[in-house]
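Below, each structure is written out as C-alpha cells.
Heads up, the next two complexes both have chain A, just with different partners, chain B and then chain C.
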Partner chain A sequence: MISIRSMTRRSEPYVFAAIVALSLLIQARSGQFFTGNNLVDLARALIVPALFSIGCMLVIVSGGIDVSFTAIASLAMYVTDKTLLASGYSGSVLLAYAMSGALGLLMGALNGGLIGFLKLPTLVVTLGTGSLFTGVMYGVFAASASDVPPAIAAHGKQTLFTAVNLESGLTSNMPSQVLILVGALVLVFLLIRYTMLGRGIYAIGGDEAAAERAGFSVAWIKLFLYSFVGLLAGITGVARISMISYADPSTMLGMELTVIAAVVLGGTRVTGGLGTLTGTIFGVTLMTILANSLILIGIPTYWSRVFTGAVIIVGTGVSARQIGSARRRVRTLQKEA
Partner chain B sequence: MQSTVKPAIPAKALAGRDQNLLRLLVMLVFVFGLMTVLRPNEFATLADFNSMMRQFPEYGIMAIGISLTMITGGIDLGVVGTANLSAIFAAKFLIGAVPQGAPPEQVLPYLAAAVAIALATGLLCGAFAGLLISRFRIPAILATLGTQQLYTGIAIGITNGRPQSRLPLLYSTIGNTEFFGFFPLSFVIYCAIAVGIGLMLSRSRFGTCMYMLGTNAKAARFAGLNNASIIIRTYMVSGILSSVAGLIMMARANSAKADYGAPYTLQCVLIAVLGGIDPNGGFGKITGVTLAILILQFLSSGLNMFNNISNFYRDVIWGGVLILVLVFNRLFSIRAERRAVRRSMA
Partner chain C sequence: MKRSFVSVLAVALVFVLAVPLFGQSYDPMKFKSSKPQAAWKIALVPKDATNAWFVRMESGVKRYAKDTGINVFQKGPPKTDAAMQAQVIEDLIAQGVDAICVVPVDPSALEPVLGKALSKGIVVIDHEGASQQNCLYDIEAFSNEGLGQALMQVLAKSMGEKGTYTTMVGNVTNASHNEWADAGVAYQKAKYPNMTLLAAEPRVEIMDNLDTAYQRAKELFKKYPDLKGIFGTSSLSTPGTARAIEELGLKGKAFVTSVGLPNENKPYLKSGTVQAVMLWDSAEAGYAMLATAVAVLKGEKIANGINLKGKGWESMTFAPESTKVLLGKSWISITKDNVDSFGF
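Now for the complex of A and B:
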C-alpha cells in the first residue's frame, strides 16, 4: 500500500512527470516523439547508460561514488576484443561477455579491496584506478579504433523486432542487447529485495558503524559490491561495441558524469542508504531524452553540457533538501515523544 | 618557493606530518637523481629548469586551490572549468574592447580590466560552489562535478567550442616575461601565492578555522564557528586561484578555449593527496603540496625525454602513484593509531 503522502515524498513521481512533460513538449514542437522508430531509438540509446546506472546506483546507495566504471568497461572490452581477434575465435559471443565480465570483475575487485579493506576514500581511489586503466589501455595496448571479431559483429546484427515510421519510412531495430539490461535489472532487483547481501549494501549506506555493529561484514560487502559493478561494466563494454560494431576505446569514456547525474536525479540519496531501480531507470530515461532530443526542440548541441550541469546541481539540490526535511521530521517526532 | 612557516596544527600531529614531508623530500631526491642518471645531458640543465618553471605554475596554482577545499573536508572538482571560463571572459573582453593597433600604454588599462574580470569570474564561480555546498547541503563532490559541467558548458556555449585567439600582443608579452632572463612571471606568481596561502593557513584566524572545520564540522559549529561562511570563503579563494591559473594558461597558449587543461583535475587531486592533504579534511600544508608538484613535474619532464615511451604512461604512473601513496599513508596512520592506543593503555 502506497499512500499519497509517501508518494509525494519520493522523487520517482516527479521525475516521471518531468519525462511525460518533456515528451509532450517535444511531440508538440516536432511531431516526431511518439513514433515507433523514435521510441525504439531511445530504447537503443538507453541500454548502455542504463546498464552503467544500475551499478552506479548500488555504489551511491552504499555511500560511495565510482568514477572508474567507464574506464573498466573500456579496458575490459578492448582487451577482450583484441584477444578474440588475435586468436581468430569464431564461436559464441558468450565467451566475449564472460571474458570481458571477468576482466571487469578483477578491476572492480581492486577498487573494492582498496575501499573495503584499507578504508580509502572512494572518489580518490576510483579517480586513481580510472586513470590507471585508461592509461594501460592507451599506453600498454596502444588502443585505437579497431574491428570486432565475427562473433560480436553477428551478435550486433541480432534484432528483436523492427519499428517502421509510416510517415517518413525510417526504420529502427530493437537490438537484442536490451535483454541484457532486462536480465541485469531482474538480477539486481532480486539481490536488493531478497538477499542479506543486498540489504547490507543499503545498511552500510545508511550508517556504516551501525551496519558493522548489526553484524554485516562491511569490508566484504564492499569488495563484493565493487567487483559486481566491475563485472557489470565489463559486460556493458561488450554490449556497447557489438551495437556500434567496432571497438572504439573512447566511446564510453566521459559518460560517468551523466550516469551519476541520472542516478542522483532518479532519487538515489547522495549520502547513501536510499535508492530504487525504478527511480534510476526514470533518471536515465530523462537524461537520454534530454541528450537525444534537445535538438528536436531547437536547442543547439553547444549548450547541452550546461543542461547536464544544471540537471546535476538541481537534482542533487532537491535530493539534499529532501534529506534535510526528513531529518527535521525525525527531530520533531523525537521531541513529541 | 616553499613557505617556511610553522603550521597551526598541534605539536603531536606536527611530528607525524613532518615524517610525511621527509618522505616527500626523499621521493623528490630519488626521482631527481634517477632522471639525472638516466638522461644526464637533457635533465636538470638550465634550459630544462626554465621549461619546467613554465609548466607547473598553471596546474600548481589549481592544486593549491583544491588543497584548500580538501583541508576543509570538501573537494573542488570545478577548478579547470572555472579557469577556462574566467580566461574566456577575459579574452572575449580583450578581443571586443581593445582597438586594433593601439599603442601599449593605451592597451595596459584594458589588460588590467581583463585581469579584474577574470578574477571576479573566479570569485563568483567559487562562491556559487560554496553556496551549493554550505546552504543547499549538496555533497562537495557532486556540487563541484555539477559546477565543472556547468562552467565548461557555458564556456563551450558562448564560444561554440572555438578557441578565442587574436589577443593583444602585449598580453602574452607581459605574461611571458622572464625576470633576470630566467624566472618566468608565472613562476614568480606561483611562489607569491604559495607563500601567501601558506601564511594564511598557518597565521590567520581564517586558516585555523579551515583546519577546525575540516577536522570536525560539528565540533566547529558548537565552538561557535560560522561553517557556511568559512566554506563559501574557501571556495571563493579556490575560484580566484583557478582564474589566476586560467590567465596563465591564456598567456602561454595566447588564446582561451573551453577544454584547455582537461586532465588537470585528476592531476591536482593527486598532487594534493601526494602532498599530504588528508582527503577527509583537517590536515595538510602547502609545503607538502609544493614538494608533490615538483616530484610530478620531474617525473613528467623526465618521461618526455624518452621518445619510445607513450605519453599515456603518464596516466598509468599518476594513477598508480596516487593509489600507492594512499595505501602507504593509510598503513602508516593505522600503525600510528595502534601505537597511540598502546601508549594510552600503558
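Now for the complex of A and C:
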C-alpha cells in the first residue's frame, strides 16, 4: 500500500505551482494580489465552493459522483429561510444552520439509500434527486428570491477582522463563515485519517468487492457518506445566503460542475480510491482565484470564459495524465512482481 | 430507417403547416366587438401567478375593473413555465373570453395557441413580447433607449456628472441589458463630457447572480482606483455592488444604479449608499394592457400618441418601423422616500 502510494505521482505540487504562477501574474498585472484586502476577498469567495468541494471529494473518492448537492443546499436553505421568516424567528442563527443541515441530511440520506441499498448508479440517482429537489423548490414552494430573516442577516454582518489596504484605503471584512470551513476541514481530516469509516470510503472507491470481503458494510458506509454530504450542503446553503443577505433559490445551481472540476483538478481520481483534502483545497483555490481575478489581470469580459475553460482543460488534463501514467507504472510493476 | 424517414417527414409537415400560422397578419379594426360592453370578458395572463411582481400587476387589473366596470380578471400558471402558460390560454379560449392580454414566458412557444385565439376573433395583446407574431399589439413600458438614458441621468447625478464609470450587464448575451447600456453610454457621450467610460473594461457581466455582482464590483474598484460609477442593468447589479461599496469603505465615493426591486435595495437606499434605482410599475402595465384591449374591442384606432391611461403610458409611440409594438415612458425612480410604498 505504502509503496504504491509513494510511486504515485501526485498532482498537488503541479496545482500548487499553478496557484503560485497565477498569483504572480495577477500581482504583476494589478499590483493588488498580495494585499491584505484582496486575500481576504479571495478567502471569502472560497468559503462556499470549498465547503461543497469537501463533500464532493469524498463522494468521488468512494467511486461515485454527486451532482445534486447544490440542489440540496438550495432547497434546504430556502425552506429554512422561508420558515424562519414566516415564524418571525429572531433568535440565534444556529437554529438556521441546524434546520438547514437536518433538511440536507434527510435529502442526502435519500441519495444514500438509493445508492447504498438499491445499488443504483450514483450519477443517475443524483441527477434524478437533484432535479426532484429543484422541482420541489420551484413547484411546491413556488420559490423566488427572498429576504433573509434577521438572525441570518445579522450573521452576515459578523466579521472576524477587517483588512485594510494602506495604499488605497480599501477595506475588506473576513466573514465569520470562514470558521465553518475550518471546522469542516478539521472534521473531515479526522474522519478520513483516523476512523474505520473514513478508511472504508477509500476502500470502496478502490475496489468495492474487495472492501466488502474485507468486512466493510458498503451499503451503510454509502448511506453515511451521502447523508454527510447532504448535511454539509445544507449548512453551506445558509452560509451562502447569510454572506449576501439574499435568499436567491438559483444562486448556487450550476456550481456543481465547477466544484467537480476543481476536485478533479486537485488530483482526486475520477474512478475513485484516491484523493486528498490538500489537493482538493488547492484545486478549489485555483478555480476561485481564477474566477475572481480576471478583471485584476485585465482580461476583457468577452474573453473570460475562454480563459477559464482553457485552464480547466489544461489543469484537469495534466492531473488525469499524472494519475494515468502512475497507474500504468503500478501495473507494469505488478506484472514484473 | 423507414420509421425515422416518416418522422422526419412528419416534423417537416408540421413546420410547413405552421408557417401560415406564424405569418398571418390580422387587421385590428376587424376585432371590434358586436357584444354590449357589459358582456365582455377580458383575461390577463401573467408569467407566474405567485410572483410578487405579477401579484402587484393584479392590483392594477382590479383597479381597472373598479374604474370601468368591465369584467376583467387575471389568471396565470402556478410557476413560470411556457407550456403551463399555453394551457392557461387554451382554457381561456375554451371559456370564450373576448380578449387575452399576456406577458409571455416565451413568445415563440405561445405562437400556436395565440394564433388559434386570433383565428377565433379573440383580441390578443402582448406585454414584454416584442417578437410575438400572433398578437394585435405589444405594449412596452419604455424603449430600451429611453430607459438607458434615464439610468444614465441617475448615475450622472450621483457622480456629480464627472469621473470614470463602467457598465455591468446580467449576461453579455442579454439583448435588452446591452441595449440599455449602449444607450446609456451614447447619452453620456452626448450630455456629460466630464464623464468617461472605463476603456479597459467597458462591460462586465455578472452571470445574473448577486454574489458575482459583488465580486466583480470589488475587483473593479481594486484594479481601477479612479472608478467612480457603475452603470448597472440587471436588478442584481445594485444590491451586489452596493454591498461591495459599503465593505470597501467607498460609500460616498463610488456610485451605482440599475433597474431594481424595492425590497432588495431598501437597506442601501436607506443607508445612502444608493441614491435611486429605476423600475416600471407592473400594476400600471396591467392597467395599460387592459386599456389597449378595450380600445380594440371598441373599434378605436390605435395611433401614435394614444393614451393607455396607466401612469407613464399616457402617450404611446410606435417603435420605429413597427405598427404593432407601442412604447411608453413608464419608469419610476425608487428612492429612500418611496421605497416602502410598493409591497415587494
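General observations
Note that the second predicted complex is superposed on the first by the 308 of 337 C-alpha atoms of A that agree within 3 Å, B and C clash if a C-alpha of one lies under 4 Å from a C-alpha of the other, contacts with A are read in each partner's own complex, and residues count from 1 in each chain.
Going forward, a residue touches a chain if its C-beta (ideal position, glycine included) is under 8 Å from a C-beta of that chain, and two chains touch if they have at least 3 such contacts.
Here the structure is a predicted model, which means the values were calculated and not measured.
Looking at the shared chain after the overlay, A:S131 reaches chain B, while chain C stays out of its contact range. Look at A:Y246: by the touch rule set out above, it reaches chain C but stays clear of chain B. After overlaying the two complexes on the shared chain, residue contacts for A:G139 are found with chain B and with chain C alike.
Shared-chain residue A:Y302: touches chain B and chain C both. Look at A:S30: by the touch rule set out above, it reaches chain C but stays clear of chain B. Contacts of A:D147 after superposition: chain C is touched, whereas chain B is not reached. Look at A:T278: by the touch rule set out above, it reaches neither chain B nor chain C.
Within chain A, the residues touching chain B in one complex and chain C in the other are 138-139, 142, 302. Only residues 50-52, 78-79, 172, 200-201, 203-205, 209-211, 214-216, 218-223, 225, 239-240, 243, 247-250, 263-264, 267 of chain C touch chain A when the two sit together in their complex. By the touch criterion given at the top, residues 30, 32, 35, 37-38, 41, 45, 138-139, 142, 144-145, 147, 165, 168-173, 240, 243-246, 248, 251, 291-296, 298, 300-302 of chain A touch chain C in their complex.
Taken in their complex, chain B has these residues touching chain A: 75, 132, 136-139, 141-143, 145-154, 156-157, 160-161, 266, 269-270, 273, 279-280, 310-320, 322-323, 326-327, 330-331. Across the complex, chain B is touched by residues 65, 114, 118-121, 123-125, 127-136, 138-140, 142, 257, 260-261, 264, 270-271, 302-310, 312-313, 316-317, 320-321, 323-324 of chain A.
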